[in-house]
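Common to both upcoming complexes is subunit A, partnered first by subunit B, then by subunit C.
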Partner chain A sequence: MNHRLSYSKVVTHGFIITLGVLMLYPVLWMVSSSIKPENLIFSSPGLWPKEITFNNYINGWNVVRDVSFGLFFKNSFIISVISVVANLITCSMAAYAFARLKFPLKKLWFACMLMTIMLPAHATLIPQYTIFHNLGWINTILPLTVPKLLATDGFFIFLMVQFFRGIPRELDESAIMDGCGVVKIYTRIIIPLAVPVLITTAIFTFIWTWDDFFSQILYLNTVDKFTVPLGLRLFLDSQGESSWGAVFAMSVLSMLPITLIFFTFQRYIVEGIATSGIKG
Partner chain B sequence: METSTVKQKSVPNLRPNQYKKTQTRKNYIIAYIFLLPWLIGFFSLVLGPMVSSLYLSFTKFDLLNPPEWIGLANYQDMFSDDKYWASVKVTLQFVFIAVPTQLIAALLVAVLLNKGIKGVGIYRTVYYLPSLLGGSVAIALLWKNLFGIDGIINQVLGFFGIAGQGWVSHPDYALGTIIILATWQFGASMVIFLAGLKQIPSELYEAAAVDGSSKVNTFFKITLPLLSPVIFFNLVIELIKSIQVFTSAYIISEGTGGPINSTLFYTLYLYQRGFSYFEMGFASAMAWVLVFVLGVMTIMIFLSSKFWVHYEDGGKL
Partner chain C sequence: MKKIFYICLLAIMSFLIVSGCSSNSSGDGGNESKDSASESLGDSSQDESSEQSEESDDVIELRVAWWGGQERHDRTLKVIDLFEEKYPNIKIVAEYSGFDGYFDKLTTQFAAGNAPDVIQYGGNLNDYVLKDVVLPLDEFVGNQIDISKHSESMLDAATFDGKLYGLTLGTTAWGVLVNKTAFDKTGVSLPSKDWTWEDFRDLTPKLSEGLDGTYGTADFEEDGFGVFLAQRDKFSYLDGEIGFEATDVADWFQLWKDLRESGGAAVPEIQVSASQTPEQSLIVQGDVAIESVASNQYGAYSNATKDEFLLYPYPYDSETGKNGVSLRPSQFFAGNKMTEHPEEVAKFIDFFVNDLEATEILGNDRGAPVNSDVRVNLIDKADEIDQAIFEYIDLVSETSDAPYIPNYPGYNENTQLFKETAEKIYFDQSSVEDAANNYYDKLIDNIKKYTEE
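Moving on, here comes the complex of A and B:
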């Protein structure tokens, strides 16, 4: 009996490990290919490079004349960081109002906010583009950042509302006794206690903004404004002569910030998904 | 009552009622100030644009000239356009294959990981990583290479003596590579399933074991019903996500939706008509049909949930 149990455990473990290796293999292969000489990429499916070169990184970094990936990284970082700060401030403000304050039409606005979470971006795409076009904002970072200043990511508001509701109301009441107003309860009690959900919001805003190819291809159209995903897209045009080594090198670099954030804040990410999933 | 008399002392020129009224009004104003950014965003970037895109869908509009009312012409054009129907077919094929495959894979692996295996944390990380990276242009480029004519997929197949081909450039297989890419990202759903599995009381399994229930029977009679709210949640999320796939299709087909429209996703065609040809009225009509269909699908899932989603507390949220 005991013997059979451990046997099934070995099989389960074996399966899980094999599947895990298979799943990670493409990514690991890309990392290893990025430091292989071009002619060895396609001849060796193995992970260990026989020869190591950083030429791919050098060639990839200067994909177009005059502009390097350094600029693309800078542009991506600016947009992502502004988005994170904006989402943290405006989404938490809206969430605080929904979770703690009383005001007329609250239920209506809350229902509207929930609806925006489900609404596909395409429903508002063309008029939004027209508005930004009329404002002269095309090919600037404004269409990518101003919506975040206006708390349009309903998902994060919802996430925060759920979290704020879990903060004991007694804390608010004792703060009122101490003479705190509505604003001070927000800055002194709710925000400091909501750090976990704020970190989750910051991480996911960063990751989603970093990878938001659709909005970026829509609103940014000259090379000097390009972000990292748009920089990578340039390789599609300039292919023909095989430059996969350079493509992989820049792809690896493009995933580096997200991977670093993931391993630093793993706990918040996995917990964030798990709890928001259950509460949704 | 007590508190208002106490406060009255500090504001002697107001009667308690009046004081309370101005105080609540002041609080309402503060509440609306907190809500203000969202309200502005909601009206100017969501509600207003929604209404105006409905209007634009009945017009000919190229961004530079004012919209010109043409009635139902966009919708008529759309429904008699072969390329439009090709994009509908591609998207539905994708949704109906990728969503169930992904959810089943996520559920099975979650059940395996929930067996009290050592090192769950590490496996969870490994399986989640593709979900984290999968939506990027980088991974789409990698996929284009892996499934290319001399990519490693063909090298592995060649090792087994199977002649491969350019999977991404073959009209019968290109969509398949994108479905595999989506399935590869089952990790996020799996993490949610794992959290759901942990909520199922272990006494239930013990009782089932005492009653001599087989493992398969236990899975269908206990695990599935108790997990159904989580399955429901994952289903809705994945449906909304997969109907809007763009990046992978764009990169793998280099923006064309080819070969022979085989990866012409709905959103990709909408993008082409709206932003390559600047037929924004047509694109608005496409967007509204998408919103309508997605809405109907979501409502159907919600209505059907009565029959298969089991809430321990009777459905209270």
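Moving on, here comes the complex of A and C:
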């Protein structure tokens, strides 16, 4: 019995490992292509590079004159970090209001908030662009960060509301007995208990902002404001010559922060999803 | 009861939001463009008066947008430096990116009245002309813009309803890429540059025989068909008219069927896996030794492999003695109709295509230059690959009288139709004749559908 059990374990693990390697193949291929000379990337597409060169990294890092890829990393980091902090503070405040406070037309506002999730982004694109243009915010990071200060990510508010509703009201009541007001309940009771959902929000905000392409290309015009996703596309021209080597090399670098964050906080992501709103 | 109330409320809200959005967008867009129009009027009159009083000390800012790869960005930026040196009162703001998202962004910018002054377009220039956002250049021709050395067909390509809307940044022409390394391996001697389809039929099976796992040639597909028609003094579609018969289609597909049967052309299984990207094309992957390409891609194909490629003209039609290749525009520079400085826009575009120093820097990146003087100047200075391309373009512009034929209306659908027809024949689901007739009928229907709209 014991023997059979371990046998089936071996089979399961073997299966999972094979599947894992299969799924990793594109990533491994990208890493290996990033150290191949440009003309060997597609003519000898095997995983093991015949020749190794780091030219792709050097060439990719100095994208265009005056601007290095480091600047794109810096810009991306600034936007991502502001977005994370802003989302954490404002979304949790909005969610707290929806979950705990009583105010007129609360259900209506909640429905409106949910509708912003369902509204396709393309419908609001041009009016939004026009507003930011009239404010003179085009080609700055303001259109990408200021809205986050106003709790505009309905998805995260919804996520947090569901989580806050799961926190027992008795805790609030005992805090009121101890003399806490609305604000103190938020800072002393709700926030400390909501760490998993806050971490989930932080991670997803970071990843989504880091990988976001469309709104960044829309609002950023000149290369000195560009972010990593825009920088990567600078190498690609579907109709002409693309520097694939540089693309792969810089893609490897741009994956590092996200991979690092994912592995460090992996435990919390699972915990956050399991304990917050997303369940059957 | 309560539930129903909320559902109704939700429905009303969503209706309000949606309708609010749509009216918002059109309202804002309209106001905005009017605003900027009146602004621009006011600004330009102010600018002029201040220029006169301060003797053009004012620095004018022009926004220039293009897409491309790293190489193009570097070269274009250098030309911009050069331009700023020559015209110190004009400052260029470069807004460049990759191709992804370029036109989405542009459309949004137009809607908000915030588009750049000089814009690079591709074959879709006519779409934007229809939207009435492109600056007609006629009044600048002869003043700021010199088109005397430009080839007529390239000017035609940017002319709509009798007005010139842009200047072509580069020309390309269909050609045949030949893998010299593969020829050397088999001992088949390279054909002469005025080869015919008969030579082509003789030589491709020999290549397939001599090479292990490599076929003589890839199917030339729809692009080849266009050239094939021009060789017979026919054309696909021009000015509301279809210029060929169903028998031409059948002849073309029969030619390729014969080539496959003789072993010269790639088997269908390989042909259908063909990719448009140079790096993943059949010839670079070593599946075939001959493929049809656009001349400006010669460099991209050559750089993706260690084999030596040569650029050949299409095989001639031995009856008419024509090779049917015509010049095609790659990209255009055109002005924004709303620009505050139309004259400077014209100056910049002219500088970009006509200045010898500028074009030397640009080289072949957007295709061979349209200005014949510029091309002559470049041939001596270019590297081997560019030289071959320029010589080829010169050859085409001198020898071929084939006109530039724009794409079919409903381009995507018709391209798909051609592909499906070819595949039906590849896999013996239909005889060549039936498939050709079917293609011809459906093509006429499609074109009707798109032109009547």
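Simple rule for what comes next: the second predicted complex is superposed on the first by the 237 of 280 C-alpha atoms of A that agree within 3 Å, B and C clash if a C-alpha of one lies under 4 Å from a C-alpha of the other, contacts with A are read in each partner's own complex, and residues count from 1 in each chain.
To be clear about the criterion, a contact is a pair of C-beta atoms (placed from the backbone, for glycine too) under 8 Å apart; a residue touches a chain by one contact, two chains touch by 3 or more.
The shown structure was predicted, so the numbers you read here are calculated from the model rather than taken from an experiment.
Trainee: Clash or fit: what happens to subunit B and subunit C when subunit A is overlaid?
Mentor: In the superposition, subunit B runs into subunit C.
Trainee: Which holds for A:63: it touches subunit B only (first), subunit C only (second), both, or neither?
Mentor: second
Trainee: Could you look at A:233 and tell me whether it touches subunit B, subunit C, both or neither (first, second, both, neither)?
Mentor: both
Trainee: Which partner does A:108 reach: the first (subunit B), the second (subunit C), both, or neither?
Mentor: second
Trainee: Let me test your reading of the model: by the given contact rule, A:211 touches which partner, first (subunit B), second (subunit C), both or neither?
Mentor: first
Trainee: Using the superposition on chain A described above, determine whether A:243 touches subunit B (first), subunit C (second), both, or neither.
Mentor: second
Trainee: Report for A:264: first if it touches subunit B alone, second if subunit C alone, otherwise both or neither.
Mentor: After superposing on A, A:264 lies clear of both subunit B and subunit C.
Trainee: After the superposition on A, what does A:18 contact: first (subunit B), second (subunit C), both or neither?
Mentor: In the superposition, A:18 touches no partner, neither subunit B nor subunit C.
Trainee: With both complexes overlaid on chain A, does A:39 touch subunit B (first), subunit C (second), both or neither?
Mentor: The answer is second: A:39 touches subunit C but not subunit B.
Trainee: Is A:221 in contact with subunit B, with subunit C, with both, or with neither (first, second, both, neither)?
Mentor: A:221 sits against subunit C, while subunit B stays out of touch.
Trainee: After superposing the two complexes, find the one stretch in subunit C that runs into subunit B, choosing from 238-246, 256-264, 274-282 or 382-390.
Mentor: Stretch clashing with the third chain: 274-282.
Trainee: Just which bits of subunit A does subunit B share with subunit C as contact spots?
Mentor: 42, 112, 119, 123-127, 129-131, 133, 213-214, 217-218, 232-233, 235-236, 244.
Trainee: In the complex of these two chains, what residues of subunit A are touching subunit B?
Mentor: Touch residues, subunit A against subunit B: 9, 12-13, 15-16, 19-20, 23-24, 26-27, 29-30, 42, 45, 90-91, 93-94, 96-98, 101-104, 109, 112-113, 116, 118-131, 133, 147, 149-152, 157, 181-183, 186, 207, 211, 213-214, 217-218, 229, 232-233, 235-236, 244, 247-248, 250-252, 254-255, 258-259, 262, 266, 269-270, 273-275, 277-278, 280.
Trainee: Enumerate the contact residues on subunit A facing subunit C in the complex.
Mentor: Touching subunit C: residues 38-39, 41-43, 59, 63-65, 107-108, 111-112, 115, 119, 123-127, 129-131, 133-134, 138, 213-214, 217-218, 221-223, 230, 232-244, 246 of subunit A.
Trainee: Can you check the complex and tell me which residues of subunit B touch subunit A?
Mentor: 24, 27-28, 30-32, 34-35, 37-42, 44-50, 52-53, 56, 63, 109, 112-113, 115, 117, 123-130, 132-133, 135-139, 141-143, 145-146, 150-152, 155-156, 184, 188, 191-192, 194-196, 199, 230, 233-234, 237, 240, 243-244, 246-247, 250-251, 254-255, 267, 270-271, 274-275, 280, 283-284, 286-288, 290-291, 294, 298
Trainee: Of all residues in subunit C, which touch subunit A in the complex?
Mentor: 6, 9-10, 13-14, 17-18, 21-22, 24-25, 28-29, 32, 63, 67-74, 77-78, 93-101, 104-105, 108-109, 111-114, 122, 277-280, 284-286, 296-297, 299-300, 303-306, 330, 365-366
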